[in-house]
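The same chain A turns up in both complexes below, where it pairs with chain B and then with chain C.
Right, the complex of A and B next:
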C-alpha cells in the first residue's frame, strides 16, 4: 500500500512537473529557444500570486485570473523587446540572454522580497482529500493534475485546430516561407512566449501553494522541467505529461525509500532514460 | 499615364558578400504575364526574393502602384497583394494539404480565390485535402504551392522555377492551369528554365545575364538568335 500510494502521489506530482515543462517545450518547439530563465519565471509567477493574494485577499487559485494574464503580457513584451533580436542561426545568443535574465530576476526578487522563504496559504483546500479505494488523494494535487491535463489538451487544440497553431507550426518549420503567408514572425514568437508565460503563471501559483519558495528556487524548477521534457521526448505535448509523471513517480518512490533520495531518484531515472532512449519516450515522429 | 503595377528601377541586390543584381529595371503592367529568363545564376530567384521582401532592398528600387515597397518586410508585401510560389515548393510538412492552403489565405487580401476555387482549379487536391503534404507527388505539391499563393488573393504572383524537377506531362498540366489564373486579372512573373514554354505563355520577357538585363521586350519582337545570345552571352 505504501508503494501504491507513492506511485499515485507521484503521478499527481507529475502534473506539476508537466506544467513546468509544457511552456519550456512550447518555446523550444516554436523557436528553438532554450529559456534558461524558465524556472525563475515560475518563481516570479509564485511571487506575483503572493502579492495578489496578500493585497486583494483572493483565494490563491482565483489569483490565476490576474496572474495568468499578467504573465502572458510579460512574456509577449519580453519576447518582442529582448528575445526576438537574439534569435537567428546562433543558439548561444538567446541562451546567454536568458541566463542573464535568470540572474536579474533572482536578484530583483531578492531585493524586493528578501531571501526569506514564502508560502501562499490556500486554506482548507490544502489539507482536503478524497478517499478512493483506501488511498487518500489530496484535492490540491488532484487539481494540479487536472490543470496539467487541461493545459495539454488546450495546447493540443491550439496547435492542431486553430489559426495560431498553424502559424506556430509553419513558423517553426520554415520561418522564411511563413513570412510569405503574411505571418509576422516577431508576433508569432511573442504569442508563443505569452502562452508559455501564461502556463508558467499557473505553475507558479501551484508551486506557491504546494511548497515554500524563495528567490533562488527557480533553477531547480528549470531542471525538473527540462528532465520532464527530455524524458517525454522533445516536441511531444503528451510526452511532456508522461515525462512529468515518470519524474514525479521516480521522486515519490525515491522518497518512500528514504526522504533524502527524492530528488536523486528523479535524476537517476532521467539519466537512465537518456542512456536507454536518448530521444525520450515519445519522440516526435517527423523529428 | 498611370504608374505601372510594379516598377523595378535600377535595382541592385544580393547577399551579404555577393552582389547578384546590378541596375535591373523593368515594368510589369496590370494583367500582364512576364517571363524572367536567364541561365543558372543569372539572378532570377534573387530578383523575385528581393521583390517580395525576403532579401533586403534599398527603398526606391521597387514600387507597387507608384508607391515604394522596397525595404518593407515580406509579410507586409504579401498583404499588399504580391505572392511568391517559391522554388522547390517548400510546403509545410507538418501541415495537411488543406492547412497549407488555408494558412496561405488567412492573412491575405479578400477576393475571389477560396478553397473551393483552388479545388476547382486542381480537383486532385480536394481528394487529398486531409493528407500530409509530404504524401503528394511533386506535381501535386506544386499545385498546393500555387494554390497556397492564390489563397492570399494576390494582384501579382511570382512563380520561381515553376516546372523544375517535374515530369513533362505534369508540366503541361501546370501550364494548362496558368491562363485560368491570369484570366482573373492576376499579373504574373514567371521564372522558368524552359524558355520556349515561358515565352509561349508570357506577353513580355526580361532576360538576365550575370545580374544585368541583357534583353527585354515582347517575344515576337526579337529573333531566336537574339534571345539565345542574351541568354548565354555572346562570347
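Right, the complex of A and C next:
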C-alpha cells in the first residue's frame, strides 16, 4: 500500500512537472530556443500569485485570472525586446541572454522579497481529499493533474486547429519560407513565448500553493521541466505529460526509500532513459 | 626578382606582449615578497578563475559545447583532494595532480551520454550531471555528508610546517596552474589540433568536409578540459581548506561567474577570458558591497555585451586596433616587401 500510494502521488506530482515542461517544450518546438530562465519565470509567477493574493485577498486559484495574463504580456515583450535579436545566429546568444535573465530575476526577487521562504495559503482546499479504493487523494494534486491535461489538450487544439497553430508549425518547419508567406516571425515567436509564459504562470500558482518557495528555487524547476521534456521525447506534447509522470513517480518512490533520494532518483531515471532511449519515450519531431 | 612568401604567425604586438608578460610573470612569482597575505589570497583566486574561464572558453568558444555544469568537475576535484588526503594520506599537492586523472576518468564515460543532447539541452544535461554529483557527495557521511568537512590540521601542516611557507607554496601552485592552463591552451590552439579546433569554431560543416573528425575532437577536448577543471577545483579547495556539497558544486560560483567573464571579455579568443577575469575581479572588489544589485548589474552587462558586442570587449578592442596578443592565425607575408 505504501508503494501504491507513492506511485499514485507521483503520477499526480507529474502533472505539475508536465506544466513546467509544456512551456519549455513549446518554445523549443517553435523557435529552437531553450530558456535557461524558465524555472525563474515559474518562481516569478509564484511571487506574482503571492502579491495578488495578499493585496486583493483573492483565492489563490482565482489569482490565475490576473497572474496568467500578466505573465503572457511579460513573455511577449521579453521575446520582442530581448530574445528575438538573439535568434538565428548560434545557440550561444539565446542561451547566455536567458542565463543573464535568470541571474537578474533571482537577485531582483531577492532584493524585493528577501531570501525568506514563502508560501501561498489556499485555505480548506489545501488539505481536502477524496478517498478512492483505500487511497486518499488530495483535491489540490488532482486539480493540478487535471489542469496539466487541460493545458496539453488546449495546446494540442491550438497547434492543430487554429491559424496561430498553423503559423507556429510553419515557422518551426521553415522560418524563411514562413516569412515569404507574409508571416511575421517576430510576432509568431513572441506569441509562442507569451503562451509559454502563461502556462508558466499557472505552474507558478500551483507551485506556490503546493510547497515553499524562495528566489533561489528557480533553477531546480528548470531542471525538472527539462528532465520531463527529455524523458517524454522532444517535441511531443503528450510526451511531456508522460515524462512528467515518470519523473514524479521516480521522485516519490525515491523519497519512499529515503527522503535524501527523492531528487537524486529523478536524476538517475533521467540518465537511464538517456542511455537506453536517447530520443525519449515518445519521440516525434526531429531535433 | 622572384617573388617570395613566408607564413608569419607572430605580430609586432604579440612580440611586445611576450616580453611584457615575462616581466609581469616575474613580478607575480615574486608576489610573496611584495604583496600582503590578503592580496596573495585574492591573486590565488584570480589564477583559479583565470584557469576556469580559459577552459570554459576552450570548450564553448571553439567546439560549441556550452556547458553549464563545469561545477561538477570543480567539486569533484575538491572532494578528490579531501578523500585522497584524508583516507589514503596522499600529500595534498600530489593529490591535486592526481585529481586531474580522476576528472578524466569520470568525464570519459559521461561524455558519450551527454553528447546525446544537442546544443542548449546539452548545457542543461551537464547541469543535471553536476546535481547528481552534489546529491551523491551529500550522502557520503565519511566526508561530512550534507554539511561538509574541513581538511585536518595534520594534512595542512604536511604541505609545509609554517603558515608563511604553506601560503607561498599554495600561491605558487595556483600561479603555475593558472598560467600553465593558458599556456597549454595557447600551445594546443597553435598546433595541428588547434587548427582543427578553430576550423570547427568557424564552421562545423565546412571543417567536417575537410576531414576534421568532429566527434573525436569534441570528446578529447571535453575530457582534457574536465581533467584541468578538476585540478583547478582541487587547488581551489586546498586554498579554502573546507568543503561542502553546496559550495563544491555551486553553479553560480564555478559556472555563472565564469561564463560572465568569458562573455564580457570575448569568447573564442585567448585574450578574452584573461580580460574578462580581470574586469570581473575589478568589478567585484569595487562593487560587491552592493550585493544583489551588483549581481543584477553583472547579468545586465552580460546580456548587453551578448546583444551589442558578441565578441566581447576584447573583440571590440581588437577589431578597432587590429591588435592580437596571442595570434592564432597564419598570415602570408611577402618577403619582397622587406
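Just so we're on the same page, the second predicted complex is superposed on the first by the 283 of 287 C-alpha atoms of A that agree within 3 Å, B and C clash if a C-alpha of one lies under 4 Å from a C-alpha of the other, contacts with A are read in each partner's own complex, and residues count from 1 in each chain.
FYI, contacts are C-beta pairs under 8 Å (C-beta built on N, C-alpha and C of every residue); 3 or more make two chains touch, one makes a residue touch a chain.
Just so it is clear, the model here is predicted, and its values are computed rather than measured.
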item: Which partner, chain B or chain C, touches more chain A residues; value: C
item: Touched partner set for A:97, first chain B, second chain C, both or neither; value: second
item: Partner chain(s) touched by A:181 [first = chain B, second = chain C, both, neither]; value: first
item: A:135 touches, of chain B and chain C: first, second, both or neither?; value: neither
item: Footprint overlap on chain A, comparing chain B with chain C; value: none
item: Residue ranges of chain B touching chain A (in the complex, touch as defined); value: 52-54, 73-75, 78-79, 83-84, 86, 90, 92-95, 99, 102-104, 106-108, 148-149, 152
item: Touching residues (chain side chain A, partner chain C) in the complex; value: 32-34, 36, 82, 85-86, 89-97, 99-104, 106-108, 110-111, 219, 222-223, 226-227, 230, 234, 260, 263-264, 267-268, 270-271, 274-275, 278, 287
item: Touching residues on chain C, where the partner in the complex is chain A; value: 60, 64, 66, 68, 113, 116-121, 123-125, 127-129, 131-132, 135-136, 138-139, 251-252, 256, 259, 263, 267, 292-293, 295-296, 298-300, 302-303, 306-307, 310
item: Contact set on chain A toward chain B in their complex; value: 163, 166-167, 169-170, 173-174, 176-177, 179-185, 286
